[in-house]
Structure formats: structure tokens, C-alpha cells
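Both complexes below contain subunit A, partnered by subunit B and then by subunit C.
Coming up: the complex of A and B.
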């Protein structure tokens, strides 16, 4: 009977119910988006950092990887020292820089990563093979397009300019052996990778033995945080960060989006709550005589309360799947806007759908639906029966 | 090129007074964040080095400067020091290299001419207009701005539905009043007009209350983020234009919601409204 009366009440004012469902659906969509935003960036970044299995990163003291153009001195000895540790499975040194490619009268400039091809974790091969010989290079689509070259072609590259002599410095002829996708770089960013020794030689003596970053993969079962602490204590010239440390830094830098998500999510929840509370209150006020009659003929108070609570919960439950679908569409739209951040890696998603996020949003909505019905149901069932019936009859 | 302003590279080691002769010492300026974090004051002597463990120069802190309200820097939490150019070039082994230099011109025409002439003669560098550089460096904020507009659009849709719902309820509550008015001869137009007027008044009053809440929220947001990021930057600004737009938008939404709700009611016969 409770369900029948609740559904009858909702059906009586169809336009009102439809609008309420729509309003709650928009609030639910916003709430879902904000829950996705607050957790998505972090999870997405964690996935990116761990995608190649490297749990630790070494960067010049006081800096984050590639945050400045500083480099680590004596990087080769540091890498050898770390490789000798039994807990370490692999170490991948990376040197960042720029290469300039003369094309006709102009020059194409590209980000260059000097890597150890046997352990590198910076790019994924799309076509061709990894660079093995010192004169081999791999490039991403943006660079190949700008150069008008493809896998198998050779290209002249330089590490810098000599303004006095008006010539390019550190020139080499390199063979493109692979088309790659860089994991940590933006999709439209021109980038190439070549053996670290070649890039150092092209840069000249200033780069000898240097690296911008070293990524460390520890063996299965090793405590990553303990390994980080050990390395930090042993290597005082570098900063050693683990994935959790890096995530903390990301949290700090992107705290604006997380806090915005919390604020807007709370506002969405409050708006949905207020909407349902208002609707159910008005609905109860309209039917106060009907409720008093039910009470007068012996319907128990908890049944009246249950009926009204059911009404508010049904509004929330019907609106939730609509809100979920709407939320996924708007999340995609909002993500496409934020994806155009300059330099953002292709794989970073600000709005990452996770079943847990959806469950959190739905749980919060269900809770607010119940809470929204509490006040009207308490008010409706607590009125003195005789006085209310008299008031309703006399007017 | 390695940035000459990448002062993170420069390691500061506090020294006790009297360690070296003052005559040979050079001076630096540090930002107030570094001064607060490292408990440094004007007149203190520190060692600056390009890398940890490398020999450096002993310098005197000559000034503590406030950082500009630059949105590009707020989330980085960096410390900064300023040195004389030749001093930093020596410290980093840069010779006479620089990252960039600024050229002042007389007017827009002179700027265009200077850019053309420099780029015709330049090798390994390029001249850019300051305006172009500003556009390029503010791309991040353009994206954030687009994101805010998108959120604003969703909020407007939600508000419109909420307002329509509330107006529907308000008008529905007065079914009997409307029926009585119709029965004593009031035209539908008069009733719709009165409801629309009421909706407009509610919308204006609501939006004014919203402006007050928004102003308070803006103040809280500014205080909070200025403390978090230690910057004088204003994160939220409520301007006259924004208030005007909010009130106008609310008024339009209120009028439309009131009109739709009233039209729905006046289309029904008075006796139906009375439930007979």
C-alpha cells in the first residue's frame, strides 16, 4: 500500500515530478562529474607514472623530474651504483634537450630525449624498432610531419646554434628507425629519442656524464618507500621521489581542481536536496487532510513517514541513472576542454570514470533523498489529527 | 637553454657573520617566501652555488622582495633569488649567454620594424612581440577560463530547472486563488501578468541575495587561496558587470519560468482548478 500511495502521489503532478527528476538528474550529473574530477586526475596520473613499471625517479636536488633544465652530475656513476643494488631490477637514465633539424631554409626544433634503449620507459613503439646504434633515432608523428620524413629516412640534426660563426653546432646525420608515441609528453609536442651517449656527444663537454632524470624499477616484493629512503640517504646530490611522493606533489599543484570539485559537488548535492525537500514539503502540505484521514482510520505514523520517504527516494532513484548518463556526457565534454592544457600528456584524464566514483555519487544522492523526505514526513505525520481534519473541513 | 632564472639550481647555505671580508662580497635579493622559510634577513650572508656540493660564492642579502601576482607561478611553490646578470653567468659557467632580453620601442610601428630587423639578422634566436608572448604564456588560463564557462553553463541549466520547478509549485499552491480570480472576471492576461511580476520580483530578490552570498564566497576564496599559495593574487573577483549579468540572467529565467507556470494554470477551467 505504501508504494501504491507513493507512486499515485508522484503521478498526480506529472509535470512537477518530471521537472524534479530533471533537476535532480542535472544535480546528480554535476555531482558525478565532480567526484570523477576529484579522484580522476590522481588515478590517471598514478596510472601514467606506473605504466612502465618504474616506481622511483631521481632528479637534480630540489627539483621534480623535468621541472627545470637542471641535470644530474656524474649520472653514470650514480646509475652504476643503483644497478649494483640487489633490490633494483632496472635503471633508466634520461637526458632531456632539444634538437634542431634544418629543413630547407628553416629549422624544425624538437624535444630530444637521450635514453638507454634497452631499459627506456619514455616511449612506446608504433612502427619500426628501437634505436640501437649511435646514429639511430626514433620520432613521434608530430616531428615526422614537421620534417616530412618517415621511418628509414635520414635526417641532419644539431644540438645548438653558434651565433658567432652562424652555424649549427653538434651536427649529426641520424637515421630514423622508428615511429613512437611518447608517454609523458603532449600529443602535439614534437619529440625524438636517441641513445643518451649520442645526445651527450652532440651537446658537447657540458653534458658529459649528465642526465636529467633516472627512473628506477625495484624487484617484486621490495618495499618501495624503504628503497626510496635508502637511496635518498646514499645519494645526497639528487632528489629521490616515489610514485606516492610524486602524487603528493601533483595533489599540491592541482589542489585547485580538487577543491573546486569538492565545492561544486557539495553545492550540487545541496541543490538536489533542497529541490526534493521543497517538492515533498509542498506535496505533503497539499495532502495534509488526506494524511490526517489516513491517521484517523488507523494507518500508523511510520507508514505515513515511509510513504513520504519513498516518494523522495523514488525521485532520487529515477533521476540517478539519467544523471549518471548525463554526467558521463558532460564529463567527456569538460575533459575535452581540460585536455587542451599546454603540455599535458595524452594519457592524463581529468574526469576518469571509476565504478567507485559512480557508487559514491549514487550513495550520496540516495542518502540526500532520504534526508530530504525526513522533515516533510515528520511534519506531515505529527500534526494533531482532529484539529487538522477540522481545519481542512471548515477551511 | 637552461634558464638563468632557474634559481632552484642555486643552493643557499647560511653563513655566520665574519666568515669572509665584506669588500669582495656581492649582493643578492631574495623573495619573501624564502626569507620566511629560511629565516633570512637583510644583511645576512649566504653561500650560493650552482649545484649541491659545488663551491659557491658568499653573498650578502641586500633586499627582500615581494613576488608579483603571477598566476603562472602560484602552484609551483618555488623560492627565488635575484642576482646581477654577470654574477649568475659566472656562477653557472654561462659565459655571456642569456635566455632572453627585452627591447623597449617608441611605438607599435617601431616594434614591428624592430621585430623584422632583428629576425632578419638573428641566428639561433627570434624576436617576439610582448603581446604574442603574453598570449602564448596565458594558454593555460584560457583553458581554465573555458572550463569555468562550461561549469557556469551547467549551473545555469540547473538553476533554470530549479527556478521553473519552484515557480510551478508556487503557482500550483494558488490554484484556488486563481480560480476565484477567474470566476470574478479577472482575465487570464491579468493573472499571468501578476504571476510574471511576482516571479520577476522573486528572481531579482533571489539574485541580490545570491550576489551577497557570492561576494562573501569570493572573499573567503581569496583569503583561503592567498594564504595557501602565499600570493597577493586575487582568485575571485566580483565586478559590476558580473553582478549585472547574474541579475539579468536570473530575471529572464524568472520571467520565463513564471510565464510558463502561469500559462499552464490559466489554461485550465476555473472549476477544474477548484477541484469540482
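Coming up: the complex of A and C.
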């Protein structure tokens, strides 16, 4: 009976109910987007770091990987030392740099990663094969486009370029053996990868034995943090960070994002709350005579309140899935805009849908909606019956 | 016959701004079982105020009121609600039916509140609608019923939980003469069938149908 009255009341003002549902849905969508934004980049970055299975990263002392152009001296001996540890499954040294490719009268410059192709974790092969021989190279689409080359072609590359004299140094002819996608680099960033020995040789004696970074994959069951501490104690010339530490760094750098998301999320929650409060207040005021009659014929106060709360709950229940869908669509759209910012890895998502977080957010909104209906419904059902009926009769 | 209503020295004051309005000035009244009492008097004399006190939807400023042997002048809200549900039937001038519900559902409302199961509730509601001559209109909503029909539904609703006392506030006030006459006949039949009725009215015909007429003026019973 109470349910019949609640649904009838919602049906009575269809346009108002529809607008309320829409308003709450927009509020829910915004809340959901903010929840997705607050965790999205962090989780996305975490996924990125763990995607190749490397849990530890070694970089020059006091730096983060690729934060500076500094390199690790005696990297080969460090790598050998780490590989000898029974707890370690693989070590992948990486040397960062640039390669210059003469194309006609101009030069195309590209980021270059010197890697150990057998254990590398920086790129995924799209076509062709990994660079195995010293004169082999792989490139991403942006580089291949700029060079006008494809897999199987050869290119002349140089490690050094003097723009004043327009002279190239450390030149090699390399064969493109694969088309790849770099995991940690931006989609539009020109990049190539080649054996680390080749890049060192092209750079000259200063690069001998050096690496910008070494990634370490520990064996299953090994305590990553303990391994990190052991390595840090053993290798004092490098900084050893684990994925969780890297995430902490990311968290610090993204704190503005999270604060913004929390503030906007709270605003959308308040908007949803106020919307339902307003709606329920209007609805109660409109039906105050009906409510007083119900009370006069013996309907208990809590049941009147329950009827009104049921109405606000139905609004929330209908609006939440709409809000969920709307939130996912807007998140996708916003993500495509934000992801197009230059310099971001292709796989970084700003908005990450996590069912549990989404359900928590929508549950919170639904709860706030129900609570929003509590006060006006209690107040409406507590009005003096005789006086209210008299006013209704006069009115 | 036992006494259903026993009111002693009922006073009801209202505050209107800085002024205190004395709506009832020490009303004493006894209504016996199966009685049909009409309370009449000019507007503002306190008739409806007295009816509200008898219906336990308002409380007196002072005085004592017992209905069906229970003191009701100082009941808590929840006990007053329970009392109204079980003991009082209310009929309003403007019918006040739930527009969203059908005639039968309107009658079922107090039955549901009293905890009666669905099938039994529907059976009782149909029986009551049959009693007031609206058996065939059970699925109609109030907006599809005439004023007289709506008032009949309201009476059926008021009788739902077999109240000790049926209270009616100007029940013919919104009806035309012919429908008003039908309503008077219905009240007479209700009383003949054993329902104790107190009706507040300006309608002389309705007052004449009562077995006892109580006259009020300026918040007091004058005859």
C-alpha cells in the first residue's frame, strides 16, 4: 500500500520526476567521474609499471628513472652482480639517448633506447622481430612515418649532431627489423630501440659500460621490499626503488589531481543531496493535507516517512544506473581529451573504472539521497494534524 | 448502554500571534453506545475543535477525555495514532481520499495499517463498499467518482477497522441536496446497525436525523 502510494506520487508529476532523475543522474555521473579520476592515473601508472613484470628499478643515485640524463657508471658489473642473486629472475639494463637520422637535407631526431633484447621490457613488438644483431633497430610508427621507412629498410643513424656545422658523429647503418610500441613513451613521441652495445658504441667511449636504468624482475615468492632494501644496501651508487615506492612518488605528484577530484566529488554529492532535499520538501508541502489525513486515519508516522523515503530511494535507484552510464561515457570522452596531452604514455588513463569504487560512490549518493529525504518527510509527518487539516480546508 | 465518550471540562486554547483564542471553554459531554449525536452551532463556535479532540487528532489544553473507557487527552503521538486506527472512524467534509488509490485501496489503507493480510483485507474492503452501495466502483479512482460516491468511500474507509466511534465533520457540506439526503440515509442506517456517530454540521436535515442534537456557542455547550 505504501509502495503503491509512493509510486503513484512519482507518477503523478512525471515531468518533475524525470527532471529529478536526470539531475541526480548528472550528479552521480560527476561523482563517479571524480572517483575514477582520483584513482585512475595512479592505478593506470601502477598497471604500466607492473605490465612487464619488473618490480624494481635502479637509477643513478638521487634520481628517478629517466628524470635526468645522468647514467649509472659500471652498469654492466652491477647488472652482472644482480643477475647472480638467486632471488632475481631477470635484469634489463636500458641506456637512454638520442639518434639522428639524415633524411634528404634535414635530420630526424628520435629518442633511442639501448636495451638487452633478450630481457627488455620497454616495448612491445607490433610487426617484425626484436633487434638481435648489433646493426638492427626497431622503431615506432611516429619514427617510421618521419623517416618514410618501413620494416626491412635500412637507415643511417648518428648518435651525435652538431647543428652549427651540420655534422653527424657516431654514424651507423642500421636495418629496421621491427615495428614496435613503446610502453613508457608517449604515443606521438619518435622512438627507436637497438642493442645497448650498439648505442654505447655509437655514443663513444663516454658511454662504455653505462646505463640510464636497470629494471629487475624478482622470482615468484620473493619479498620485493626486502630485495629492494638488500640491493640498496649493497649498491650504494644507485637508487633502488620498488613499484610501490614509485607509486608513492606518483601519488605525491598527482596530489593536486586527487584534491581536485575529491572537492568536485564532494560538490556533486552535495548537489545530489540538495536536489533530493528540495524535491522531497516540495513534494511533502504539496501533499501535506494528504499526509495529515493519513495520520488522522491512523497511519503511523514512520510509515508516512517510509513512503516518502521510498520515493527518494526509487529516484536514486533509477538515477544511479543512468548516472553510471553517463559517467562512463563522459569519462571516456574526457579521457580521450586528457590523454592527447603531449608526453603521456599511450597506456595512461586518467579515468579508471573500478567496480567497487563506483559502487561505493553510487551507494554513498543513494544513501545521501535517502538521508536528504529524511528530515522533510519527518517534519511533514510531524505537523499538527488538526491545524493542518483546518488550513487545508480553508486553503 | 455504556458510555463511549466522556468529556469533562474540555478547554482548548490557541495562540494566534500575541492573542490567545479560547476555542473551547470547559465542554463536558457524554455520548453513549449506539447514539447518533449532532453538534450544531454557528461558525467558530468550537464544533470542529471539539470533534478534533474526540478524534484524538488534537489535545485539550485542560480537561479530561475518555473514549471507549480509555483516557485519551494526554496520549503520546504513537498511542494516539494507534487509538485512532483501532477506535475512531473519521469522515471529512472534503472526503480526503488518496487520489492515487482506487476506491477499494482507499478502504484497505487503514486495514493494511492494522496489519490485516492481503486477501482478508480485500474481502473486507469489498464488503464495506458493498455496504455503502459502491461494490461496482471498487476499481475507480476518486477522480472518477462523484462527490457523493467519494463520501461513501470515505465512510467505508472510516468503518474499516470497526471503530467504537464514527466522527463526521460536515459530511454533507460538499454535496448537493439529493446526494446529501442519500448520505443522511446512510448515516441513519449506520446508526441503526449499531455504529455510534458524532456529526458536526450546519445541515439541518442531517442534524434532524440525529437522535440527539448538541448546540454550541462561543466554545460552550448551550443546549
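In the analysis below, the second predicted complex is superposed on the first by the 388 of 395 C-alpha atoms of A that agree within 3 Å, B and C clash if a C-alpha of one lies under 4 Å from a C-alpha of the other, contacts with A are read in each partner's own complex, and residues count from 1 in each chain.
Definition applied: contacts are C-beta pairs under 8 Å (C-beta built on N, C-alpha and C of every residue); 3 or more make two chains touch, one makes a residue touch a chain.
As the structure is a computational prediction, the values presented were derived from the model and not from experiment.
With both structures placed on the common chain, the touch criterion links A:62 to subunit B but leaves subunit C unconnected. Contacts of A:289 after superposition: subunit C is touched, whereas subunit B is not reached. Comparing subunit B with subunit C, more residues of subunit A are touched by B. In the superposition on chain A, A:390 makes contact with subunit C only, while subunit B stays out of contact range.
When the shared chain is aligned, subunit B comes close enough to touch A:160, but subunit C does not. Looking at the shared chain after the overlay, A:300 reaches subunit C, while subunit B stays out of its contact range. By the touch criterion stated above, A:14 is placed in contact with neither subunit B nor subunit C. When the two complexes are superposed on chain A, none of the residues of subunit A touches both subunit B and subunit C.
Those residues of subunit C lying in contact with subunit A across their complex are 48-49, 52, 55, 57-58, 77-78, 81-82, 84-86, 88, 90, 92-94, 96, 98-101, 105, 108-110, 112-114, 157-158, 161. Put simply, subunit A touches subunit B in their complex at residues 13, 15-16, 19-20, 22-23, 26-27, 29-30, 60-63, 67-70, 73, 160-163, 166, 206, 236-237, 252-256, 264, 268, 271, 274-275, 278-279, 282, 285-286, 330, 333-334, 337-338, 340-342.
Subunit A contributes residues 1, 4-5, 8-9, 11-12, 289-290, 293-301, 303, 384-387, 389-390, 392-393 to its touches with subunit C in the complex. The touching residues of subunit B, when paired with subunit A in their complex, are 1-3, 6, 8-9, 11, 51-53, 75-77, 93, 123-125, 139-140, 143, 146-147, 150-151, 154-155, 157-158, 161-162, 164-166, 168-169, 172-173, 225, 228, 264.
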